[in-house]
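In this document, chain identifiers A, B and C correspond to the written order of the chains, with residue numbering beginning at 1 in each.
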Amino acid sequence: MTLLAVEGVDARHGLLQAVRGVSLELAEGETLALVGANGAGKTTLLRTIAGAHRPSAGRVLFEGRDITSSPAHKRVRAGITLVPEGRRLFTNLTVEENLGLAARAGRGGPWTVEAVFETFPMLEPLRRRRAGRLSGGEQQATAIGRALMTNPRVLLLDEVSLGLAPVAVEGVYASLRSLIERGTTILLVEQDLGRALSVADRVACMLEGRIVLEGAAAEMTREQVVEAYFGLSRGRRNGGPA
Amino acid sequence: MNWLDQVIQGILLGGYYAILASGLALLFGVMRVINLAHGDLAILGAFLALVLTDHGVDVWVSLAVVLPVMAAGGGLLYLGVLERSLRSGVLVPLLSTFGLAIVIENLLFEKFGADQRSFFSSIGTLAYSSWQVTSQITIGKLDVIILCTAIGVLGGLQIFLSRTSLGRAMRATAEDPDTAELVGVNSRAVYAMATALALATAALAGVFLGMRQTFDPYAGQAQLIFAFEAVVIGGMTLWGTLVGGIVLGIAQTVGNQMVAEGWLKDVWGGAGAGHVVFLVVLAGRLIYGALEERGGVRTVLGRA
Amino acid sequence: MSAHAEHPGLAVQRWTRTSIASTLGVGALIGLLALVPVALSASVTDRLTTLYVYVILAAMWNALAGYAGLVSVGQQAFFGLGGYFAIKLSTNGVGVYPSLVLAGLLAGAISIPISPFMLRLRGGEFAIGMWVVAEVCHLYVNGDRSLVAGATGTSFTGLNAYNTTDRRDYNYWLTLTIAVLLLGALFALLRSRLGAALQAIRDDEDAARSVGVRALWAKGVVFVLAAVGCGAAGALWLASFPTFQPASNFGVQWTAYMIFMALVGGLGTFEGPIIGAIVFFVIQDQWGDQGVWYLVGLGGAAILFALLVPRGVWGTVEERFGIRLLPVGYWLRKVTAHGRPGTEPA
């Protein structure tokens, strides 16, 4: 069942047209990886889906309903949460306060502060520490935990491995795998192709604001993705949405 | 000169300044807005109370009406004016609050005229009753009430911000409204609430002003710079506003006394002393900050 | 002045046809304005003199906030000091008109020693700090017993040496000259490396510092220039309204008017303050005698502009039509195959 759909979305970033006519579908329980070079429009697309950004054309649909004009906080309450690029924790709040804040979204569900600490045990001793004084990996874990506290149906992740030590990235992806096992629907933006292909069901590649390659991860070779990533052979869409 | 008495009077005066400044600190802290209309909003609150007291309502009771009405007005002010102003640019609120200030004080003048008004008759003996602590120190009961209220208000705001869910949302929105939205916080509601609180505290200050001295439609202007001074001296935090108010209060009362005793030219007066202390505090903070960068005060002194 | 960029098909230029025409036009306009006292009535001369003072004030606040990122709620300090120094100089034997010029420079001089301190303050602290400085100046002037009447108002008696007509004409020409000089200085500043440095600081101060921009110095230049300008305005104001009342001349409403003019005209643009001054002047000229309702109208206008025209008149025009009359920025010009240029602002 299609949980999230994006139809013909155009989005500007300042004076630049960052997203051009993008259409995507995400089925419940699926993990879709969005790859592409810097400036390809991935973050803008994610922010548009999350409601932090207004598209200049097109629609965003959730469970079949048009949510394009819905503000971000309403989308969170509906079940779409974004872990933004660069973590964006509230540095003046403690870890626990960052987590607790997200619980205000008022959605019931399995995720509580304790559940987050179980998934990310290294955060527990840090619960009263101000978020500004955490390491990169700890911050990323907190940011993901914060998003989880909203008990989302769709989790959007923007470059969660950026700026992290390899060990920390391992940890993050291990928790992602457990999320996926629980059936969470995930749309993640990832620069690391290997990781993206290993964790995702489907992959889409963006170049200059457009989707130039899309298909099942298992059927896709690295070479195909690299070609699309760098625009070496333009726009062969492989295997389209169901 | 009885230093102790002056310091005590200054602390009590600081209580009033703290209440007046708290709304300003809130708006600046949460929304980065310099509200040029704040003093006039306080006076607006006072005149609202005046309408009620002129009809026989006790001034303390009138607060039960004035505060919620001003709070609601704050929400409307945000939704109607401040939201758009903020969206358009950081400095646009300067223009809209300037406009608001002029409109408020002149409409008040139009309606109430230039007469000096007050709540003296409504509070009766409280206007001048006091405790004689020693032969030289007298403490006004009203002033104590105001100081206690200030501590209550600022303490309450502090608890609200640090321990309640809505307060946490406000702190988060103050730091990063974009991300706050992304975790489900309705930033519009948060800002409207902050403005409502700011206006309610301003109105409270206005009513207290009217109990301590007379006021007219243009009295808001004179109060504004003192409120700003209190906020800045205090470092723009909430408890800091109480400290800032008290420091300013002490500076002003001691300054006034120094003038009375001929130690200071009379043009300076209490207000001037307050200004000098303000500048000294700012300079001190700058120097302290510069020293910190060089490794801390001890390091620098050790080297010298 | 144009530079040949490496990119074929694009050229960087400062002057477009529009801006050349505008600059020549401005020159002609100044020439015409100089003839006003001779050609038009006394009333027009007087009113234009007031308008020029407003233009100076608006341009100075715009320079501070729009170019240097310094929001000051205390420019009345220099406005009042300008009037104060003018009277002091004049009562101590300096000629009236030289006093007016020197007063502006003296007010600017006061800003130099306080700048290393003030400019290191952060946003809100600086804004309010300047207001407090203004109050300190106010109180100091109040205490100057050598000023004949102190707080109730001192007359600029030196002016009595001139008859009414001469006084009006000399005021006009002096005000026009100073306004043109100050605007010219700002213009030159914007086009210079300092202008680019200021833009860099506005975009990202840390990044600017990291490439060697001396932020404090750049801001300091604008700060002192603004002090000179506001001081000159204060002195020139005294020439037309020759009673110096500290409470009025040091009043914070002067900065409030500057904020109105700069924001209504369009912050950060060169043409904006002139338009803002005209708007303010027209409102005052037409309705100034309506007492309270004039002020309510002014406040209402401020709110309306903030809500409906937040980028100011010129800011909105620039945005909509992409015009810039005076060549302060750079334009990227596409040189097409047919040799006909299209221009887009850089």
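Keep this in mind: contacts are C-beta pairs under 8 Å (C-beta built on N, C-alpha and C of every residue); 3 or more make two chains touch, one makes a residue touch a chain.
Everything quoted here is computed from the prediction, not taken from an experiment.
**Student:** Where is the C-beta contact count highest, in terms of which two chains?
**Tutor:** Chains B-C share more contact pairs than any other pair.
**Student:** Looking at CA centres, what chain is most distant from subunit C?
**Tutor:** Farthest chain from subunit C, going by C-alpha centroids: A.
**Student:** Report, in whole Å, the distance between the mean C-alpha point of subunit A and the mean C-alpha point of subunit C.
**Tutor:** That gives a centre separation of 49 Å.
**Student:** As a quick test, compute the distance in whole Å between the mean CA positions of subunit B and subunit C.
**Tutor:** Chain centres of subunit B and subunit C, defined by C-alpha means, are spaced 32 Å apart.
**Student:** Mind checking the centre-to-centre distance between subunit A and subunit B? Centres are C-alpha means, answer in whole Å.
**Tutor:** Chain centres of subunit A and subunit B, defined by C-alpha means, are spaced 44 Å apart.
**Student:** Help me check something: in the complex, which residues belonging to subunit B touch subunit C?
**Tutor:** 28, 34, 36, 81, 84-85, 88-89, 91-96, 98-103, 106-107, 109-110, 221, 225, 228-229, 231-232, 236, 265, 267-269, 271-272, 275-276, 278-279, 282-283, 286
**Student:** Report the residues of subunit B in contact with subunit A in the complex, numbered from low to high.
**Tutor:** 165, 168-169, 171-172, 175-176, 178-187
**Student:** Could you please specify the touching residues of subunit A with respect to subunit B in the complex?
**Tutor:** Its residues touching subunit B are 50-52, 71-73, 76-77, 81-82, 84, 88, 90-93, 97, 100-102, 104-106, 146-147, 149-150.
**Student:** Which residues of subunit C touch subunit B in their complex?
**Tutor:** 65, 71, 73, 117, 120-121, 124-125, 127-129, 131-133, 135-136, 139-140, 142-143, 252, 256, 259-260, 263-264, 267, 292-293, 295-296, 298-307, 310-311
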